[in-house]
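Heads up, the next two complexes both have chain A, just with different partners, chain B and then chain C.
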Partner chain A sequence: MTANTPNPGAAIGARKKSLASQLIRLRYDLIPDHLLGEILAKKWVENVAPFLFMVLTIALFGSLIDGFFAPSSIVNMVRQLGEFGLIVLAMMLVIGAGGIDLSVGSNFALANFVALATMHILGWPVWAALMATLAACAFVGLLNGFLVGLLRLRAFLTTLVTLIIVRAVVDMLLLRHAVSISAGFPDSLVWDFIAMGSVFGIPFSAIVLLVAALVIHVLLTRTRPGWRIMAVGGSRRSAHNSGISVRWTVFGTYVGAGVLVGMAGFMYAARLSSAGADAGMGLELAALTAAVLGGNALGGGRASSAKAIMGAITVLVVTNSVIRMGMPSGVGSIALGAVLLLAATLDVRFLKNRYKLLASVYVSPVVNELPPAPPTQAGSGSAYEVNDRLHDVELIGLGEIEAPEDVILDRNDNLYCGSRQGDIVRFLAPDYKKKEIFAHIGGQPLGLAFDRDDNLYVCVGGMGLYYITPEREVVKATDETNRTPFSINDDSRLRLADDLDIAPDGRVFFSEGTIRYEMHDWPVDSIEARGNGRILCYDPRDGSTKTVVRNIRFANGVCVSFDGKSVLYAETFGCTIKRYWIEGPKAGTVETIIGALPGHPDNINRASDGNYWLALVGMRTPAMDLAAEMPGFRRRMSRRVAQDEWIYPNINTGCVVKFDEEGNILEALWDQAGANHPMITSMREHKGSLFLGGLSNNRIGRYRLKDADPDWTSCDHYWGKK
Partner chain B sequence: MSVFRRVFNELTGRGDASVRVPLLDGALRPNQDIEEADTVCEAEAPDNVVSYRGEVVFSSGSKILKSDGQTVLEAPAAITALAVSPDDRLAVGLDGAGVMIVAPDGAETRVCSHLENPTALLFLDDALVVANGSANNRNADWKRDLMEGGRAGLGTGSVWLSREGQETEIANGLGYPYGLALAQDGRLVVSEGWKHRLLAIDPNRPERREELYSDLPAYPARLARAEGGGYWLAAFAPRSQMVEFVLREAGYRNRMVAEIHPDHWVAPSMKSRQSFLEPLQGGGVKQLGILKPWAPSWSYGLVIRLGEDFIPVSSHHSRADGTHHGVTSVLQDGNRLYVASRGGNKILSLHIGG
Partner chain C sequence: MSDKQTIKHRGAKGEFHFAYDDLHQPADDGVDMKIHQELIVFIIWAISFVALSVALPNFFTEGNLISLLRSVSVLGILAIGMAIVVIGRGIDLAMVATMAVSVAGAIVLLQQGYSIPVALLAGFVFAVLVGTVSGILIAYVEIPALFATLAMGLFIYGVGRFGFFNQDIVLIPPEGGSLSWLGAGRVFGIPVSILFLLLFAGLVALFLRYARIGRFIHAIGDNPSTARITGLPVRKLYVLSYILSSTIAYCAGIITATGVGSMNTRIVNSTMLYDVILVVVIGGISLSGGKGGVRNVLVGTLLIGTLLNAMTIMDIQYTVQNVIKSMILLIAIIVDSLLNPRDEQTAQQGDI
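What follows is the complex of A and B.
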């Protein structure tokens, strides 16, 4: 073999490898692994199990019983559902706030009696009878609420007592008035309509249930009282600590439950006109079973109308079917008990393991094949060659500032930076020894930029895009954008606004690192290396925000080009710099400027000589580059290895490089040991100095440039002298 | 069934596939003793420190040096192990060339010359015990040996007994034997690097092996006798979850070994933080300019004091933020403990109480 003929074996090996890697790549391109995790993260996923259980029950008994799906059978069942569903809603409301109401059965019997007595004996009009019924049941709820909510007695025992007392009262009343109730015969069309009427074939009671369910759904999900109920159920102590009146909230749920039960009892009275003593017997158990079966947590804090109705349907189908199959009376209770046990077990197992499952499937890495890294070692002749030029940077605010991700200087040479505590800190010119808090925002400030009117625009991690006026007023510019069509995760809210720059027309172009993770989970995004980042454009003229570039492997630094016709942005985990055209013939298109960097790019800013400064926050490591090609390895690592042990991009060493409009690297500034200024996430040129920021640093660096224009400032350069 | 279980474990990360590393706790609770120890001298990768003719000497490359820098002996190859007999015979392990014995009068003899990686030597009354780290890899390629062994710590190491010109193998299939000691009951104790354990072997009945201590949290190196009973065990790198994980990931490991320079592997190391091309672990990110001492690290400095029963009693450390890493041997001289830090390029002296 001579030097000119390449090794044929090696060539075949390379082709084999590329075929295998192409197959892997294809598999990760075609199967959207990330969707499973996103679906599991949705709140409605917890309804899947009760829903399937309901469908299964209907299918089972539907196939066992002849005529189950006959119209008359369905209508009859739905009419019963209207009454029973209201009681389950009542139970759901109470257990949603962490309580329990065992008196629903007795209360139901009371409603039945009051409705019959007012209609049959006293001959009141329907509306008056309804009011009387609701008032009587609300009174029982009031009693429960007073004892449980205000006096803070045990819900279980207290409602057990009201169950017995109310039942005894109803029995005594029935004993005295049963005969006269049977003798009476109200002549009212409305009363008959409530009993047997339908609208478009839907029984009246079902319509009442539907309306009640909708109202309660809106109440629980869209209104303050509803949120309070859920908060109290979720954690009484936390609710109390956040200023919610726990006692009155619990009180309210019992009263509400009483009213709902009253409505159900009223419709039951109209339908059957039966003064029997067995009305509502054992109803509390059935309602409780239905509520839990639907997925409402017995401990509170997790409840919804949909869950209640699903549970009600399942229980009603089971109890009705057991009767229709001619089984002995005890079987119904046994079946109900067995179903409750099964549901409670499934519910607990699913709830307990859901987040485990979610945690293990949410992270879904893809192939991130990076081009070979250009050399950096001394003597390699590379533009990136290491040196120690940053070794002696002057330090500003050492130990006084934490996490200054970006730095900027105003027209009066004052130095601004963000801090971990959520402040914008200002170091005063000329010596930067004195510092003050310029403004408090609350989130971690990242990228900074001044606009034409000296407003300081800030990207705030977890919050969005804000600006601070020269009068130090903090104003929100935007925190949401248009949602990506067909996305499962709601990506309209900004999670990680990162860096920004402002075009000559005032439009703000800013980056969002990732839409799948919060700011402090950026290492997880580095494991995933999926195109989760995006570039957005906020237009202050009409206040609109829209997404202009998607699928960026961690969108980071943003800089408007010198001609104002394009925006340069850094793709941190793709190790590239790209250009997005905002004007001219190529408007709307993206092109790559630097295809392979030796490190992970962060902020980009303009230099005084018409070129660009770029911070490399960390260097690529061969071990990480190899892992980037192996998504399965990274996925298993994220599941089996503690995060502190994961391999990261090497962000303990970084550098600053300068590149021109075509993407040629002109020079590199290094601090090899990283002792003086360990991390560089940003740099800003100002009057012949380069100011350096770092996200995990406790200092700001100042490096004096030798050949730079000593009068150049970015404010004057962007917006002209004032 | 076992195949099914293995596949299930590999898919779910349970059982053998679970990544679990013992904690530094109890007798192994971290301190900064080795990091704060006095420097005796600096030398390039000092490896085995022994007492020879009443002086502390150590191997460094192909030389044996005194602490004042004088050369005691220059060997024809890199020195991989040292031992001194009570009658001042010096055994020198040579990289790729077996063992050379230097008599007090300067006469040289060679034994076990087929062993290419003698990692530890021990004189018995009438014999020399030689541990051969690996049959496949030379001393400098120890990382490759670990990576080839995978998660089971499989190795090709062996222990030999050389007695009056006769050489017998008394143990093989060891995962990098790196230290030797003689227990009180006459058994040989071997520190087995890739299996993180201390193994007792009866030289007369070598098929009987006993695990004296297992699941060490670090990769053990050489053993030395402690004064007043017990032993010293040097350890050069911590076991880490990430390395254990890579040892279970054949696909990644094979490509890493084939494509990446060993200094930049996900692997234990004699020294770390030498280049930004080394992999960085999450906990190793400097926060506010400080590297936490409890950060995960590829290298470490650890000396464990063992009791007569080879159970750890106490320990001395150089932690993630330190530099006195890669401790491969120690020598006790009264209240002084001489520590060879192969990664820190230093011989250190530690004052030990009592």
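What follows is the complex of A and C.
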């Protein structure tokens, strides 16, 4: 066992001086490897590829075609984009909810016909014509929505059928009315403005597109119906099971798509006034290509206006350029087919492999040089010398409790601890045989502390800082802090509030283990040893939360010193105890109390004799100490080896030590046989007993201290007798 | 069927051998509804056939029946190819494009003076290539079948227009005259194309029912993940099924082209593909895979072929024909979804 190894620090110390290791350290200090993983984890990353593709396409055809960037060419293209972009938005909306609408092409033709018929033949005013057009197209959307959404038919085949039917209807209507449409000549300024007008040089259709894109963006990202659409597309089953009306949501997307297509067709009609049968031919394929190329996921759940417009621009540039370059027939089809396949391939592969890629680059270790570990073996004369004093502790709640990370006792001697189920469990004094659930919070309750008014503050992993009033009401104190400037990961939300203590003025100082990993991944932070932890301060007087110390190699135990002027905190993977001054001349500075621990420190609490108890959750091992100096090794390990096979710090065998205000170790308590309390994450002294908690234990230990003050309780000591 | 099910472990290679008789039962006896749909369609066909014979003077004539059978045969062969893919829970929207472009390519080679076997082989190889690429895109790249084959169809049509032919209609040169027997010949008065339909029907029926791989395709269509966990080579079989549909499309194309002496590549833009899907769906092969067989295709072919023929005789406008066919397809899809309703708990995400 760890405790019996000869001093492992000596060998490490000798190697530290080499120049190579200094260079390695410099390399890992200067190059921010962790940013790559954090950028990849961002949602906007998936827009980078479509964006680059769009820029490349424009650059390619811009250089191949003379006059590509001439104002007239640009305006013409933007005017077309206004119409095509609306179609792609429509397609995006439907794809976003997990469907597809192939009828957009013939619906577009229908819009064209209705607009021309009402304007040219019937001579309606523009607004009436617009209403008629939108209504006609919305009706097609309604039909699609009814069949696909409400009857739950297969979207692809169903909209294929409506494509054929609507196209056939339009062809029949055109056959009858094409001549009279050509003969008509609407005299309307508004109609002409829709066709050729611009505002500040921006074509009218582009403005419509912009407005529609913004509205849809707000719809999808900020409103309830939009969230429902994304939920249905993201996971239809989950949406159904959580009570979202999947059928009506899907129905809605088809109707919306119909209206958008109607608007596009109306502007097309105004621009060209052409009663030809080829309006919207093959448009569904172009729109589909654009939507997928922009990064909207086939099958739904990932869609945005920006993606749709990027895809629309790319496809429009390609198809226009192929025509303008006078390519032989067939090239257009080849280009569209190839681009569609390419886009679908990228989409599918990216979606499938993103998390693999992310997992392989996210962990980014740095050099974590630890000073030599003090000896612990028997007979070494060290203060940490192993013994078996914890062998015969009394056990409380054996098998009735899971994961009591921290324990605390109230003024009436009742014992509280957290549990894996998110409960605060109370064992009733005096014999602690009876157990009750004091309160249910959720998450993983970790550190505990009573304030002046007997509110029980709890650090809840995955949730934040909470407190429970004596009336058992659960109240959220805080779950966010100020975001670090220029950080890529949003670190304002608390992921792993760990331990806390309360200063005399009521301020709560609490630690967050890591800002880069979620609660359940906390051991991975040991592989990084980057200093992702922090100490935060919650002030109940104004409800504010501030980050006071950053870059801690897993911030863990927190304890306010006896004079109330500083806070001691444990750096688990740095194996140190540090002091942060909150008052006095040194306020705001940090100093090291214990620089070299033989193990990984966890909670710190006050002892009755003016000293501090410290739990060592596990002991350092020579292999992990060596690995800590070799970030390259740890990185290769995290990429090539399955997570279960990684080297982790030992967190199975530890001890409790007592240290004084200067950081001298006074005594150590071990369970050498490892029978009852091999892993200890916390200990609390109360009336001559030391109560022991452990994150992976199913019991609480009670160790009777021989020469401790039998009346000392932390509540009285902190807040005075009541 | 569990009491009869036997799974033997075969040797060290880890192959599993299913007792096919047991797996057989669903396809043979069917879920009751399937038999019903097939039967209903057959009865509808019989009634409409009799009605049309009485009502339409030109319908029940030898010349019309032969032409009906001939037009039906190509549709039927295509539908048989489509059925293989659909049973494996896929769809091949590139079939008609494959047929047109590969056959047109073969004919262009004939025009350039290559011998008949070389030209036919080249077209065949092209079709296999198309099927392989589609299959790989679907099975390995994991693009949904609808998109992969849709884009493939677009792509190869572009390739055909760009590389093989300039005119819409590619004429078979006189040197290829001997081929016309395939499409226009008769044996004992029966058009050869009909015999081909029967040949394909027989072969594919045997394949789907008695070949191990055929049963595997059923299993994959029924539940791909289970099939994969069971150890079936799901991806390879996907590729195979698309190769089969492509080559069958090529054969159908050869019969079409030799029948009229040319290949009209404009069928790519026609609604022929939807006719094929219509036949498959209406015959009772569920689009969610795993169900049905060749018999369903034949029944569907009879009904749709008869209807198309009748509409042609009645001189119904092409666009109206499209509307009527679409309506029938729509009804077929609705009935299909009523008989095999989507289950929100087990339906696959992104299955459109």
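Just so we're on the same page, the second predicted complex is superposed on the first by the 702 of 722 C-alpha atoms of A that agree within 3 Å, B and C clash if a C-alpha of one lies under 4 Å from a C-alpha of the other, contacts with A are read in each partner's own complex, and residues count from 1 in each chain.
By our rule, a contact is a pair of C-beta atoms (placed from the backbone, for glycine too) under 8 Å apart; a residue touches a chain by one contact, two chains touch by 3 or more.
Remember, predicted model here, so these are calculated numbers, not experimental data.
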Applying the document's definition of touching, compare chain B and chain C: which contacts more of chain A? C
In the superposed arrangement, does A:Ile593 touch chain B (first), chain C (second), both or neither? neither
Contacts of A:Ala275 with chain B and chain C, given as first, second, both or neither: neither
According to the stated criteria, A:Val88 is in contact with first (chain B), second (chain C), both, or neither; which is it? neither
A:Leu134 contacts which: chain B (first), chain C (second), both, neither? neither
Who does A:Thr653 touch here: chain B (first), chain C (second), both, or neither? first
Would you check which partner chain A:Gly674 touches, where first means chain B only, second means chain C only, and both and neither mean what they say? first
Once the shared chain is lined up, is A:Lys352 touching chain B (first), chain C (second), both, or neither of them? second
What does chain A use to touch chain C in their complex? 98-100, 147, 151-158, 160-162, 164-165, 167-169, 171-172, 235-237, 240-241, 246, 285, 288, 292, 297-300, 328-338, 340-341, 344-345, 348-349, 352
Per the touch rule above, chain A residues touching chain B in the complex are 402, 523, 618-619, 621-624, 626-627, 630, 632-633, 636-637, 639-653, 672, 674, 678-679, 696-699
Along chain B, where are the residues that touch chain A in the complex? 13, 17-19, 240-242, 245, 249, 251-252, 255-256, 259-261, 264-266, 276-289, 291, 295-296
Given the complex with chain A, which residues does chain C contribute to the contact? 137, 141-144, 146-148, 150-163, 166, 271, 274, 277, 287, 317, 319-320, 322-323, 325-327, 329-330, 333-334, 337, 341-342, 344-345, 347, 349-352
